[in-house]
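For reference, the structures are reproduced in the following blocks.
There are two complexes below, and they share chain A, which is joined by chain B in the first and by chain C in the second.
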Partner chain A sequence: MQNNHTKEHLFKILVIGDLGVGKTSIIKRYVHQNFSPNYRATIGVDFALKVLNWDQETVRLQLWDIAGQERFGNMTRVYYREAMGAFIVFDVTRPASFEAITKWKEDLDSKLSLANGKRVATVLLANKCDQGGDVLTNNGIKMEQFCQENGFVGWYETSAKENINIDEAANCLVKHIIASENDMLQAEVPDTITPQLENDKGRTCSSCFRSQ
Partner chain B sequence: MISVPPRSSKACCGGASHGSTGSGSGPGWSGPEPGAPGSATHSATNRQIQLDLHRTLTTNQHFSSPSSPALQQLRRVLLAFSWQNPAIGYCQGLNRLAALALLVLQSEEEAFWCLVAVVENILPPDYYTKQLLASQADQRVLKDFLSEKLPRLSAHLQLHSVDVSLVCFNWFLVVFVESLPSDLLLRLWDAFLYEGSKVTPIITQIGDHATPRSLREVVFRYALALFKYKEEDILKIQDGVEIHQYLRFFTKTITDGRRLTSIAFSDMNPFPGRLLRNRRVLHLQRLQAELQDLEDQQEEFLTENLTEILTENRRDDKELDVSEDEL
Partner chain C sequence: MPTPSLLLFIDRSLFARRVKDNRPVEQKDPGWKLFGKVPLREGPVKDPKRIQKEYETKSGRAGPGNPTSPRHGVRKNLDFEPLSTTALILEDRPANLPAKPAEEAQKHRQQYEEMVAQAKKRELKEAQKRKKQLEVRCKLEESIGTAAQIWNQEILPNWSTTCTSRRVRDLWWQGIPPSVRGKVWSLAVGNELNITHELYDICLSRAKEKWRTTPAPSLEAEDAGSSDRESSLELIKLDISRTFPHLCIFQQGGPYHDVLHSILGAYTCYRPDVGYVQGMSFIAAVLILNLDTADAFIAFANLLNKPCQMAFFRVDHSLMLTYFAAFEVFFEENLPKLFAHFQKNNLTPDIYLIDWIFTLYSKSLPLDLACRVWDVFCRDHEEFLFRTGLGLLRLYQDVLSPMDFIHMAQFLTRLPDLIPADQLFQHITAIHMTSRNRKWAQVLQALQKDPERCSPVLKR
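Let's look at the complex of A and B:
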């Protein structure tokens, strides 16, 4: 139960949002520190791995780059399984991609929850901010309020092209994932270990812990 | 980089396309003029195609430049296809099939008919439609075959919770375009379009159920052969995440096309077409049942949410009433 220095976390993180909003570009920027204007369109799902040092622990993030076309939504249930966090991305130059945000959030929440029944931490990314934020300003959308109402733990204006806020957004998500993981561990303790027991051996509900 | 096409590819694609002319139910090739403008679906399709144009065969010189005429040809072929087959409209993945056809046939109309032939005659129905049912079923069939043909690998993947369909779904949907080095890809497409026709001539028997079966078999054979080719490498990796990382690119590292083809067509024998067909029917039925269940659950979730909101509103109303009373 005690954390030690060799502890390694593996978090599965989803990256979802409409077609062409820049999900792949954000991942490439975050993982490979580069950008290309023409990554090929993602079919189905693709993976990337990012390793972080976090408070002397190793955090491995498995990023799931999920195709944006609606018809692939049929398979999202399989893709979402056991994810611990998500980015939902829209393109600030395309209002329709912002309007789709609530649809993506609903899809996520209806198909995925943490072991304690809570929703997974989700960060909203307003991508391509280097090309102007007309969608946000023209509609007078109050993003903080929007995030609160829709259950996002935070939001960032990002640009994969100009490398704006990608690391910050990822750190925010990881912070919330670790917090929710700690929440779950603490919540489990009174249920699974009673003070009368001499040690941890009595714990029967090992599957509630993320051990993988 | 896709090389200059071998003559056989051109002959095959051409053969397939002529075979299909007239068999499609849609309006056919109508050139660049819009056929069904104005509708919301039409403009959504149009936009999605537009967004994918510069994200197709990005490493090929004909497609990599934003000003290349090939991109506009691709747009017209995909748009025409969406009118030809409104049930499919545009599905991501078709862009790669159409681009390959354009490269090999070098004619928009021929490429269009090739795309129609591949989607409507060679691949099973419902491969690209809204629910992608047949594509999903094929992945289950593949997993069945994997456990029979490569039991050690199948067990290894299972042990590390690796679901091969996450990677292979892609291969099947685009018939390996941009998943394999181009020389291997063209060899596979030759087999895909031509080998099957050796069993039952493609031109005369299009529409006959026996034909698509043998053609489809090629895709399964190659998928399994790819795993067999790199089986030892995959078995060495003892971490699920690392296996995922390996699987997403390993097909591009395969160099010996002759060996791959030999594995596909001899090591994978016997490969009875009837078994493939039966499995597919079975998995399609199961998938349909599961989808129905999911739809029911989804509805339940939405109703619950709605009830929650309504109860909350009612509570708010009551509180409001109370405070008004207090006033």
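Let's look at the complex of A and C:
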């Protein structure tokens, strides 16, 4: 387990959500620290790479910016494979894009899961909050509930234009990805390390030999 | 540039004897000026203009501002003018230092003259380069003019007989002059669908009717069913301003915003089963730039009706995979090393081809180059789209081969801003579209009959 601390992490992260909600803008802001109102529509998939220093480790994020039109669904679902985390984005000024969130999430969970069968960490982004943030700020509690019910590890009001909460949202996602990765690593080698002495306390000897 | 004398000055001042300390302070200051002659004797600081004049009379040259010079007016503005440079040289030595030895002064003069000569040479070279570029541009414009004349007077009037001739095909490959481009595209794409201007008007008025009756895409739109949302005109609206945004002509308030909106809207009424699919806005935009609205619509509908475009815009998954598989056959055949590298990195063609094929390269290539690809695409059909893709891979083979997955994917989904057209077309020419004696169509057909031979990576 020692080499765990010196190794490099490579995480594939999906950025999905309806057309025109600002997926590309969020990525450009996060990776290149700039914003332009003139991004071209994404056809198919675009890519970006972000390198982070995380607790003396290097984290490489491979960002997959997937075209938002439903029609491309069949074609772009293959891109979900092996992703470790996802952002699902909606536009706070377009309620329809929020309606679509549950569909994107269900679709993601039905096509993708971690090696241990768990769902991949997903953060919900309420983008363009500079243009109509008050729609949601009053609904903070509802949003928390929505996230819990739909299996999001967190949600952020973001603005790629004004650079609001982009880094925070990414850090949240990375934190959860690393946690789930550690989960899996421990699950892979259950009997060599952590003999669970604590759990065996107070049990009869026979419990030492239980298979589970 | 002034380093030799400057260094010497610093050197010497370190060992300077304080002999002439009783001289007035202002005279001790070393004088700086632009490339002037370094006078040997000490004295009061001179006016740089005077020095320049002095130098010029001595060396037998005259500056442009010297009216007494017989050479006045001979100089052309391309000639080197020492006064125009910004380099500084040390004119006077500090008064407290002994005069330069004659030998050293001579050496400095020589160095200075060499510098001037070099600068002059460089400027001359640049002027020649500019002249050459201008000549090339003039020649290009001339050849475009000649070509336009040939297209207009010889080819277009006899289209059905000339369009397949060797000469026309060659001319076609070199790029269609912009002034006849739209006409040639229209003729080459054809109008199998027999769409008339009236039909366009009908489709457009239906679209307008729909826009009027559909509630504004605001809060009420929430209730709209997903299929309705999918085909809704809101998608078109969102994409129009994201079509060639740098041209600023399709955005809200731009001159072509409404035209693009109309064509895309009319198409959703003409083919409601296809509707609006991302990528269409780029194709319609390129057509609008070269054709009148109704003709652009006719070309648009007929272009999308071609088998490859229908497969893609209807997102016929298995047929798209067949196209990718056929592409891979020719990829392996033409660029085996790069193909192996892509395979090793799991870089499947869908990752970059979707963008290229959906927009017919209009999004990924510079617009003028994309139009040249369209020229030949109109002549050679879908095969040329895939050949262009292979040409791009061949052009950037050396750039791609040391890269890993993410860098290749990034590179291919965002190609360089400047792509040399001639080089690209040379590389496209070098791509052979035959595989074991089979042509593109035959390979595609064989794959369609035998879906098992589709790309193993893409199959799920």
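Remarks
FYI, the second predicted complex is superposed on the first by the 178 of 212 C-alpha atoms of A that agree within 3 Å, B and C clash if a C-alpha of one lies under 4 Å from a C-alpha of the other, contacts with A are read in each partner's own complex, and residues count from 1 in each chain.
Keep this in mind: a contact is a pair of C-beta atoms (placed from the backbone, for glycine too) under 8 Å apart; a residue touches a chain by one contact, two chains touch by 3 or more.
Because the structure is predicted, anything quoted here is derived from the model rather than measured.
The superposition on chain A brings chain B into a clash with chain C.
When the two structures are aligned on the shared chain, A:N182 is found in touch with neither chain B nor chain C. In the superposed pair of complexes, A:T102 makes contact with neither chain B nor chain C. By the touch criterion defined above, A:Q148 reaches neither chain B nor chain C. Touch criterion not met for A:N171: it reaches neither chain B nor chain C. Once chain A of one complex is fitted onto chain A of the other, the partner contacts of A:N34 are absent, as it touches neither chain B nor chain C.
Shared-chain residue A:S110: touches chain B; no touch with chain C. By the touch criterion defined above, A:V78 lies against chain B and chain C together after alignment on the C-alpha atoms of chain A.
Listed for chain C are the stretches 19-27, 181-189 or 217-225, of which 181-189 clashes with chain B, judged after superposition on chain A.
For the contact definition in use here, the residues of chain A common to its chain B contact set and its chain C contact set are 19-20, 37-47, 49, 62, 67, 69, 71-72, 74-75, 78.
Residue ranges on chain B touching chain A, taken from their complex, read 48, 51-52, 54-58, 64, 91-93, 95-96, 129-132, 136, 161, 163, 165-166, 169-170, 173-174, 178, 240-241, 244-245, 248, 291, 294, 298, 301-302. Looking at the complex, you find that chain A touches chain B at residues 10, 19-20, 37-47, 49, 60, 62, 67, 69, 71-72, 74-75, 77-79, 110, 212.
Within the complex formed with chain C, the residues of chain A that make contact are 19-20, 37-49, 62, 67, 69-75, 78, 94-96, 99, 103. Those residues of chain C lying in contact with chain A across their complex are 217, 219, 221-222, 224, 226, 229-230, 234-235, 238-239, 242-246, 275, 277-279, 281-282, 315, 317, 320, 350-352, 354-355, 358-359, 363, 406-407, 409-410, 413-414, 458, 460.
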